[in-house]
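Below is one structure, written out as structure tokens; comments come after it.
Labels run A, B, C and D following the written order; every chain starts at residue 1.
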Amino acid sequence: MTDLTLAALLPALESRFGPDVKVLPSRKEVLGVVQVKVDRLVEVARFLHDQGTFTHCALVSGVDWIEHIEVLYHLWSDALKGYLEITVETAPEDPHVPSVTSIWRGANWHERETWDMLGVRFDGHPDLRRVLMPEGYRFHPLRKSFELHEPEELEVKARHV
Amino acid sequence: MVETLYSVAHTLVVLLLGLLGPLVPGSGAYGPFLAVWLSYLVVGALVFAVSLVNVLVFIWWERKLLGRFMDRRGAMHVGYAGLLQNLADGLKLFRKQPFSPREADDLGYYFGPTAYLVISIAILGFLPISFGFSGGAVPLSLLVALALFSFAPLFIFIASWSSNNKYSLIGGMRTAAQLVAYEIPLLLSVVAVVALTGSFDLNVIVGDQAANGWFAVPLILGLIIFFIAMLAEVERIPFDLPEAEAELVEGWSTEYGGMLFAFTMLGDYVRALIGSYLIVLLFLGGWSMPWGLSSFPLSGIVFFQLKTYAVFAIFIWVRASLPRVRTDQLLQIGWKRMLPLAMVNIIWALALVVWGYPVIHWPAL
Amino acid sequence: MNATNTSGTARIITHVKETDPMEPEVPFAEVEAVQSKEYIPVIKETLTGMIQRGLDAATKPVFNWAGRNSLFPLHWGLACCAIEFAAGFGARWDGERFGVVPRSSPRQCDLLIVNGTVTWKLSHKLITLWEQMPEPKWAIAMGNCATGGGPFRTAYSVVPGVNKLIPVDVYIAGCPPRPEAMLDGILRLERLIRERRA
Amino acid sequence: MSEMWINMGPQHPMTHGLWNLRVKVDGELIVDVDPEIGYLHRGIEKICEYRRYNEVVTLMDRTCYVAGIAWEQLYIMAAEEALNISPPPRAEYVRVLSQELQRLSSHVMWYAAYVQDIGLMTPFLYGMRDRDLILDLFQSYTGARMTYEFMRVGGVRNDVPVGFTDRCRKVMDWFDQRLPEYEKVCDNSTIFLERTKGIGVLKAADCVNDGVTGPMLRAAGVDRDLRRDRPYSVYPELDFDVAVYDAPDCYGRYRVRMEEMKQSVRIVRQVLDWLDRNPGPVLAEKVPRFVGTPSPPPGKEIYVERRGYPKGRGFSAMEEPHGEAMAYIINEGAEHPYRAKLRSPVFVNIAASKDYLVGYRVSDIPAIMGSVDICVGESDR
């Protein structure tokens, strides 16, 4: 099953994982959008990596939708020549997502950045530290509750890291 | 002819002593002795003056020439064509705040660069820049000069160790390894010259070359080895690892600023000057020129300087066109390539002697 | 003018000085010195002072000339302006014409050109670098970010102007300033040093 | 000497920007690496959420200051998809022209910095000199040397000026002469070869697993170039080769970049020919007003803010000079992007530094990190 075409892959994904996976209509720029339940994420990722030839984890990011936090994975396949988008939803207070660093080493810093910027904890991540903001900074700037501040206010904020 | 400056100094000193002698009772006994020493002093002071001015002009020469190699102009706004730029740099460093880093060991921190500069300048006293025109014309001048020359890694290491900075430390370690590795081929290539001349006196060596042709021709291999080893000894690209800008911020002089930094800088250039001097003296015929060009008064010193600048221009040329080698490659080149080649060079020189290369013993000064 | 004697009158003088600071100092000291027959140190000091002032007057222009003509900036790159900073030392502009040679170690620098956005994360390091530079030293804020935060002024991580951290002598506008502008800033600093305003 | 940690950075000549490479050395040998970035984190993604679509372009220039226009196009492609606008063909060609000029200038800049890292001083000056020629071209049609603010949602700001194509061709002719000279300087130098060959090896499998992209990946022998594999803009209509080299070391990366420069010259020539033949508009006719509105009408701020527009998400990936960059824009029908996420190739390449640094020497660090081509602006954002 190493060289699945896309037409076969997504149904295979759906049939294997059942209701935990939802394939959304694809957009122009990505091959497909797959919604995954949090607890099956690692399995789906493993499946896509091993059988779906998605060997390159291009991007891990997140969006704060206020009522929930969406974590996005963009995977590239050299065989299919396209990106697959995986989305995972998690609760905004104390969000947890399993880490995929065991599958793609390259996801390491992306997950660190998502933790830094959005406060999503990646369980099983080997080294979940802040990467862009200084260690000990208290906020997660890309949360919608964190506003861009006036500089004067900001200084106070930044100094109380 | 070439003795002119020394004779003039001697004459002047004798004259002066003759005038002053009667004022000091009982000075007649020391007169000739004093005259010789004083005239050496005068000549020595002149040598230092010429050499240190040379150092300043060297830096300018490097800046301008390097600029030309790089399609730009180099310093040009201070003084005519930027000639005063180095003076400005030196004066500026002179008035910078003296300091030592909190973690540094003060004694070593101040001692290192100072001793480095002093020991480098001291060598200048033994190098004749024209016949008899040296601070101290000892029969073993070459040996003394090379011995003093090899002192530098010690002081560099003291300086780097006591600055208590990791970059400095690595730079100092590299310096020690590098200078020791290249000292040996350097000395061995000198051995060939000494074998041909039979003397350690630089005046004799130059005189021999004046009579029998420059050693650059029979000992071309020796010249190449000496040149490369000298590049490493004066820490210039491609062997400038101790101050490799890209990885060690400024190498062993990272923590130095102000006057001490000026010392390290000046020491480097003094050593570059000495390196050029030695190449000219040992292989390029010193102040002698073919076709009797050096027989005019003062022409010897002028030719000597011209040759020195030409040699330094090659240093700069190398700097402009070669990348830096790595530590292990540097040591490999030193121990595995240069050392055997230097041995070959010695054998070649000995063969020349056996075959009857004219060995002339000039009367010592 | 403090007379360094240990006689009783000196203490009175000191007392007077303390109680009446408006009183001119020199005549008292002289009178005191003459009274206590210790005018030699006073004359010595006066002479030393004169010599010092004379030396200062004689050497200050020289050192001022030296200092302003050999400004070594710190060779570091923060952001966009750093590229223009590098271009300013390329073949076309050649900042070395003015004796401006970037050095990598702050110990050997006179001039800190802040060429880019300074973040709060960097602020400690910037201050360390500034403090590592020996006096006399100058700072140039190059570009809008260093001057006032630039387009990132409102951001949560950006220092809105580097003058909140270190004293800045010359501000160069532009985003990024062209290399000419940078060199002009350095020359402006030279002018300021010549007029002893920086 | 026992093992010790060395902080190479944030102020260090090797770093080419502000980041901190912490290396643990045993003598001269590197035994562990812990890179630290974020010293230039300017919160661009957050500021994007407070800016109108066209105003974000300003930030994109500053995201990567050596390849500003690449990031402009990256963002614009994502934004156009999120807003469902498509630009006229001439705009696409002008964009591709800018892309390739930018790639050329970025690689020349890389070359200049790289040879200087290795200790070769002179070509640095040559590189900067030749880069200025390209920047002059940029200046002639965007008005700026590095921060162009040239692209707009639905096209580009203006067309290239009259006579531009001829000037550009002259510069390309100049580069035809210069690029072999660059290669000669390096390839004829034994020291350069010894400094780069077999240094900083990162094998193809590790590259893929680490997510490393761009010239590093292609040097390892993986034939992947988004310009060809996932064509965007008008690249399918252009004729070019993908530079691949099968030596996953510094030398391979150097070769790949040199080859890419030649290919860029080739592409630019084709685009110039097309531009000469096909005049036309460079901005789409129907662009929603708000993306370009400098400021809302006074008193109508709320009205403008709430103006509805079809929601959408935009994702774009492109081959930036440093590697594969991605942008993800979420349009929630407001004036501002709801979320803008940028993926920088440099970010990932730095993250993988442990895999290609451990086991080499301190003297190799500049050679290796230089070959990665680091632009801190885009890794920190």
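Just so we're on the same page, a contact is a pair of C-beta atoms (placed from the backbone, for glycine too) under 8 Å apart; a residue touches a chain by one contact, two chains touch by 3 or more.
Note that the structure is a prediction, hence the values are computed from the model and not measured.
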item	value
Touch-network distance, subunit A to subunit B, counted in steps	2
Chain pair showing more contacts of the two, A-D and A-C	A-D
Geometric centre distance via CA averages, subunit D-subunit A, whole Å	24
Length of the line joining the C-alpha centres of subunit A and subunit C, rounded to whole Å	51
Chain centre separation (subunit C, subunit D; CA means) in Å	39
Euclidean distance of C-alpha centroids - subunit B vs subunit D, Å	48
Residue list for subunit B, restricted to those that touch at least two other chains	70-72, 245, 249
Touching two or more other chains - residues of subunit D	12-13, 38, 41, 43, 46-47, 50, 124-126, 129
Where subunit C touches two or more other chains at once, by residue number	90-91, 104, 121, 154-157
Topology of the chain contact graph, where touching chains are joined (line, ring, star, complete, other)	other
Residue numbers on subunit D that touch subunit B, as the complex places them	1, 4, 6, 8, 12-14, 28, 115-122, 124-126, 129, 189, 191-192, 194-195, 361-366, 370
Touching residues (chain side subunit D, partner subunit C) in the complex	10-13, 16-18, 38-44, 46-47, 50, 58-59, 61-62, 65-66, 109, 124-126, 128-129, 131-132, 145-147, 376-377
Subunit D - residues contacting subunit A, complex	37-38, 41, 43, 45-47, 50, 81, 208-213, 222, 224, 229-230, 313-317, 324, 326, 328, 330, 338-339, 341, 343, 347-348, 350-352, 380-381
Complex contact set, residues of subunit C against subunit B	62-63, 65-67, 69-70, 90-91, 94, 96-99, 103-105, 107-110, 133-136
Contacting residues of subunit C [partner subunit D, same complex]	74-80, 82-84, 86-87, 90-92, 104, 106, 116-117, 119, 121-122, 125, 129, 151-152, 154-158, 175-176, 178
